[in-house]
Structure formats: C-alpha cells, structure tokens
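The structure is given below, and queries will be raised subsequently.
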Amino acid sequence: MPAGELRYPSPPENSTTEISAANDEEWLWSQIKAEARRDAESEPALASYLYSTILSHSSLERSLSFHLGNKLCSSTLLSTLLYDLFLNTFASDPALRAATVSDLRAARVRDPACVSYSHCLLNYKGFLACQAHRVAHKLWTQLRRPLALALHSRISDVFAVDIHPAARIGKGILFDHATGVVIGETAVIGNNVSILHHVTLGGTGKACGDRHPKIGDGVLIGAGATILGNVKIGEDAKIGAGSVVLIDVPPRTTAVGNPARLVGGKEKPTTNE
Amino acid sequence: MPAGELRYPSPPENSTTEISAANDEEWLWSQIKAEARRDAESEPALASYLYSTILSHSSLERSLSFHLGNKLCSSTLLSTLLYDLFLNTFASDPALRAATVSDLRAARVRDPACVSYSHCLLNYKGFLACQAHRVAHKLWTQLRRPLALALHSRISDVFAVDIHPAARIGKGILFDHATGVVIGETAVIGNNVSILHHVTLGGTGKACGDRHPKIGDGVLIGAGATILGNVKIGEDAKIGAGSVVLIDVPPRTTAVGNPARLVGGKEKPTTNE
Amino acid sequence: MPAGELRYPSPPENSTTEISAANDEEWLWSQIKAEARRDAESEPALASYLYSTILSHSSLERSLSFHLGNKLCSSTLLSTLLYDLFLNTFASDPALRAATVSDLRAARVRDPACVSYSHCLLNYKGFLACQAHRVAHKLWTQLRRPLALALHSRISDVFAVDIHPAARIGKGILFDHATGVVIGETAVIGNNVSILHHVTLGGTGKACGDRHPKIGDGVLIGAGATILGNVKIGEDAKIGAGSVVLIDVPPRTTAVGNPARLVGGKEKPTTNE
C-alpha cells in the first residue's frame, strides 16, 4: 500500500485573507502550471494532454473553459460554443473566478486523496460539474433558461452530477467523488460545504415552489445521504452516510440513520422517529 | 431564488381520451416545434442545436431517433446505424410512439421542474433512456438479443440508467433525474409509475428465473429505494426514499425504512421487521 | 416474459486447475470469437461492430485494449495512446491477463443475466472499469501517478465507477451493474468478491493514512451498501443492500441495516447499534 501520498507544496496559511483575490488566482495558476510542467516531464505520455489542457493557456479561466468545453460538448452542442460561453462568463465575473479558486483549495485541503491543484482541475468531476453549474446558474439568473437547461443536461450526462441551474451554491465547495449527486431547483448551499457522492437534496413530492433543503456553511454530508423537503441543515452540522433526513438539523449537530435522528453535538441529542 | 417557473401552455384536460393517439402525437409535435422556435429566437446560441435536434425533422419519431442516435453512438456503434434502428422501430409500432407521448406528458405534469415538452425531449436522460429501452425491449422480444444487449450497454454507459432489455415497462413513466437506476431482467412496471434516481428493482441473489419486482400502476418510488426479489408493489403504493423493500406492499400503502415497514394507507399499518 | 436465457455452453468444470493459465486464456478467447461469429451471423447490423471489437484481433488482450482505448479516450487523451498503454501493460504481465480471465468467468457463473463471455467483454461496464483499474493500479505502483490518476478520472467519467488507482483488487471479481461504485485509496479487496452497484468502500472522514475497508475473499456486497473506515469484512461474509457498515464483520456472517447489525451466519448473531 503506498504509504506516502504524492503531494505538491501547500499554499501559505491564511493567504486568502492577506492577498487580493486576483493575486490569489495568479498564485494558484502559477502553481498549476508548475505542477503540469513537472508531470509532463516525468510522464511524456501525458505531455501533449497537459499542454492542450493547461500549459498552452494564459490563465486559469482559459484552461478551465477549454477543459469544460471539451468534456461537455457533443456532436450537436459544439465545444467552441461552450468554450466561448464559459470564457465570457468567467471573464466577466470575478466572483465566479474567486469561487473556482476557493473550490480548488477546498479539494486540496479537505480531500486526503487530492495530490495537487492540477489533479483537481483536470480530474475531479465534482469540481468540474460545480464550475459548469455556476455558469449555468448565471445563465439562469439572466433568464437564458433554455441554454442553462441544455448545459445542465450535459453536466448530468457527462459527470452524472445533476444540479438544477436555479440551485444556489456558495464557495469553497467539495463535491467528493460526486457520482449521482442530485440537487433540486430551490436548494441553497452555503460556503465551505463538503458533499459526498450519491447525495440528494430533493423534494418530498408533496410541495411546489420552495421545496428543497437549505444547507448552512461548513456542513458535511456523507455518501448516499438523502435530504428531502424545505428543511434547514444548520452550520457545521454533519449528516451521516446513508441517512434519510426529513427534519431540520441544528447547527453543529450530527444526524444519522433512516429516518435520521440527531445524535449529539452542541444541542442535546434527541430522537426523532 | 427564481419564484416563477418558465412554463409553456399545458394541453387541454382529458385531451387523450377525446382525440386519437395520432392526433395527440401530432398536437404534441406541433407544441415541441413551437417551443423550439421560441427558444431559438430568444437564444441564438442554441439555434443550430435546436435546428439539428428538432426543427429540421418532420416528426417526433424522427427527432427522437436522431437525438438518441447521436447520444448513444460510439466510434464502433455508428449514429447512422442507431438512427435507422430507432426510426424503423418507432415507425412500425404505434404503441411505442403512444408510450413516448404518454411519457412526455407524465414528465410535464408530474415534475415541477419540467418547463416544456422540448425540454424533456432534449434534456431528460430518464426520458431518453426509457425510449431507448423500449426499442431494446422490442429487439429482445424479436430474439435480436445481441443487438438489444449492445443497446442496453450504451444506455447504461451514456445515461447511467441500467434497464435490462427484457424488463417490461408500461407507459406514462417518469424517471426523474434517473442517474443510477437499475432494473433487472424479470422486472415488470405498470403504467403511470414515477421512479426517482438511484432506484434498484433487483434480485436477492438467491433465486434464478422470475426474480425481480412487479410494480403496479401509479406507484411512486422515492430516491435511492432498493426493492429486491419477486415482490409485488400494489397500485398507487408509495415507497419512501432510501427504503429497502423485501416484501409485498399492498395497494395504496406507503413503505419506508430499512428494512421497510408499512406505515399507512388503505390497509392497516403493519410493522415488518 | 422471456423464460429461457440465451446462454452459450459453459466451460468444463475445474478447467482452471487442470490446464495452464495460458491455455485457459486461449480457450476463453476461442469461445469469445466463436460467440462473436455467431452473433455477427445472426445480426448483420452488429457485424461491423463485432469485427472491429473482437474478430479483427489476434488475442483477448488486444481486443480488450482496443475496446478500452475506444471507450476511455477523449479529444485530449487519444485512443491510440490508451491502446498502447493497455496493450503494453497486459502483454507484460501474465497476472493481469489471468485476472481478466478470472473476472470473465466470475460474471458468467455468478450473474444470471450474463449470457456469454463476449457479452461481458463488450458490455459490462463493471468488468471494463475493473480491467482499466488494474492497469491504473500497475501505473500507480510504478510511480507513474499522474497517468494513473488521468486514467482513474476517465474511468469515473465514462463508467461512473470510481476506484482509486492505489486500491488493491484481487481476481474473480464481479462488479454487477457497477454504476456509482466508489472505492477509496487504501481499500483492499480479496478474490472472488461480488460487488453490486452504488457500493461505497470509503473513509469516515476522521482518519488519514490507512482509512478504507478490507474485504475478504468470497464476500458479497449488496446494492447501495456503504462500508466506511478501516474495517475488516471477513471471508464469505454478506453485506445486505442499503446497509451502512462501520464495524468489522466476522467471516461467513451477514450484516444488514443502517447502522448494520450482524444477523447470523457462523458467529452468534449480535446486535450492534
């Protein structure tokens, strides 16, 4: 079993608060290029791949737009159209680019299997699906809904990640493994949330309108958890793998089981069945 | 949060009983074309996509066959072969076309996030997987099993929806989100059934032959539910999200939990553990 | 309902112990070619597909390498590069080829829906993901990690099967349906293990280093089961569908439920909640 993990140097602590977002992006992009150059040297079979996806681009947003366009295109939805769409959206919205940077850091810090920023940028379908969703969400808010829905559909086909373009998602998000994630139209996700694969933020089927969960900052949702209805998961709460949650979960509290019961944390443990 | 949903006009009530299936298909196809024209006008970036997938075709079956062929083709299984296969099958079987129409109506009526028929036709992988399955099933019953299995495999790869070609499925079916659905060889699904993502209709591993669930008309199966064995889910029953069901569920009854217990409905609630 | 399943003749009993691995591979390859010839004759629409994937190749490893290269390639990771990579790895490692043969037999014997070896070779995404993983794992152990991770990413995108390249997997493995399987970095799987779809062998999120399950020989893990942490599942144990397992499971014991409790087998049944 490989004991040590292949890791590139981590960024200095608290760097995000000390330097501007633009400098932060610049620093990260220089790291990514350095990683890609090292990998291309050690693995000539990947040199052409790394050149086309990273090293030939002049910025993180261009590299990401190219990579997403290639992944999400089809014979009827061309990669050039998608590339332009992604690039124009990222280029015109610094908040989107800051969210990308924040997501890359989240994967690097929270996922022990994430060995480098370039590894996340190129290989994490949860990361890629989330960036594409941010663009789809922006289109949705601009009332370009048919295009938002076409993009949503491609993300679901290609990454098996199904996030309705109306769903609002914060930054510093880690979708780990990501396969099978489903997030409904009126769901809201805060900042620094970690969501494992097969997680559903869905409706109960009984309501229309605002019918999906609201997830607070810092929440961790385990693999296969299903959270249904317009319930509130408080900040820093933990939802156990395989849980079925139909109730509010207070901040800093853990919920487990099917149906989920609260099992500790700041609030007094309570059984809810 | 977008309050209102983008919706096109609904069809008149009871239209299916009042007009013939052919007229029904005709009406729906004219709606789809009108929606596509509107979307192409409002979103020039999609005009070419909408022309190639919808507006250039003379019928719903041609549009659907083209779209499925494009989605399911590979470098060794060509889109032209698949297009001919789909078109010949749909063209020769009015019951298949009526099922397509019925499925489109089901998505539009039952899914609050479905904004138009064309949205479903183009973007719902559950809808597309189901239509392709109907063709695979027809090939299976015609003893063209290697071709049925090749198609099955492509549907599973492309949509992450794994329906054995022998499984029999009624009409008016909504596979919502659809990622991860697995339906076994001897499963039977009635009419007007709604099945969420990650649902398994599987075997227990202990039996050969007829070993998969039988799902009655009007059943709703929640996200992540696992129903195993040759059990009978009665009409209009509801299966809760994340349930593991190894027993018969009477009509109009709800089953929840792992293992599932019956919790109300017409029949007296019973605990089954 | 089609009563009989389409099946080709099974191999003679105990053939693996009586003839050498090379002969075994030879015998299987001749079977696969015979099956493909029969299918091509009965279904001319598939003749070209079967020729390019099976009949034009001189060995099982060439056919498999071609098929995997075609499935896993992208516009930036070319099929020729992948084909060479797979072929060189299989050609240089008889143990990998023996594992492939063993996996094909496992699918044929254990899955009632598996009608032929060629059906598994061409259509089972669990089989294909597992073979590609073995190559990624070999690259990982050779410290060619960026390439291993690129391959891992493609397997996850294309098959929705996410096996970390460091995970060690035995032979005679059946990944049935396979969609949504996630296997972590330090997981170890023995021989003759059957794993259904949506199964997670993950971490609890509390540990670094050796943090994933160890699965003994002959274990069966049902659909949607989630096994978390560095726990040991003893040989021939059974894990029920939808279970959430956070504890060791003794050999020949069954665990079911969320959280899982032990319900029989050789060891005295114990409740663990």
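First chain written, first letter: the chains are A, B and C, and each begins at residue 1.
One rule holds for everything that comes next: a contact is a pair of C-beta atoms (placed from the backbone, for glycine too) under 8 Å apart; a residue touches a chain by one contact, two chains touch by 3 or more.
Since we're looking at a predicted model, the values are computed, not measured.
With chains as nodes and touching pairs as edges, the resulting graph is complete, every pair of chains being joined. Under half of the residue numbers found at the chain A and chain B interface occur in both copies, marking it as a different-residue contact.
It takes 120 degrees of rotation, in steps of 5, to superpose the Cα atoms of chain A onto those of chain C. In whole angstrom, the spacing between the mean C-alpha positions of chain A and chain B is 28. Multi-chain contact residues, meaning those touching two or more other chains, occur in chain C at positions 160, 179-180, 198, 224, 242, 258.
Contact residues on chain C toward chain A in their complex (touch as defined above): 74-77, 81, 85, 140-141, 144-147, 149-150, 152-153, 156-157, 160, 162, 164, 166, 168, 179-180, 182, 184-186, 188, 198, 200, 202-203, 205, 208-211, 224, 226, 228, 242, 244, 258-259. Every residue of chain C that touches chain B in the complex is listed here, in rising order: 1-3, 5-6, 39, 42-43, 45-46, 48-49, 52-53, 70-71, 79, 112-113, 115, 119, 122-125, 158-160, 177, 179-180, 196-198, 220, 222-224, 240-243, 256-258.
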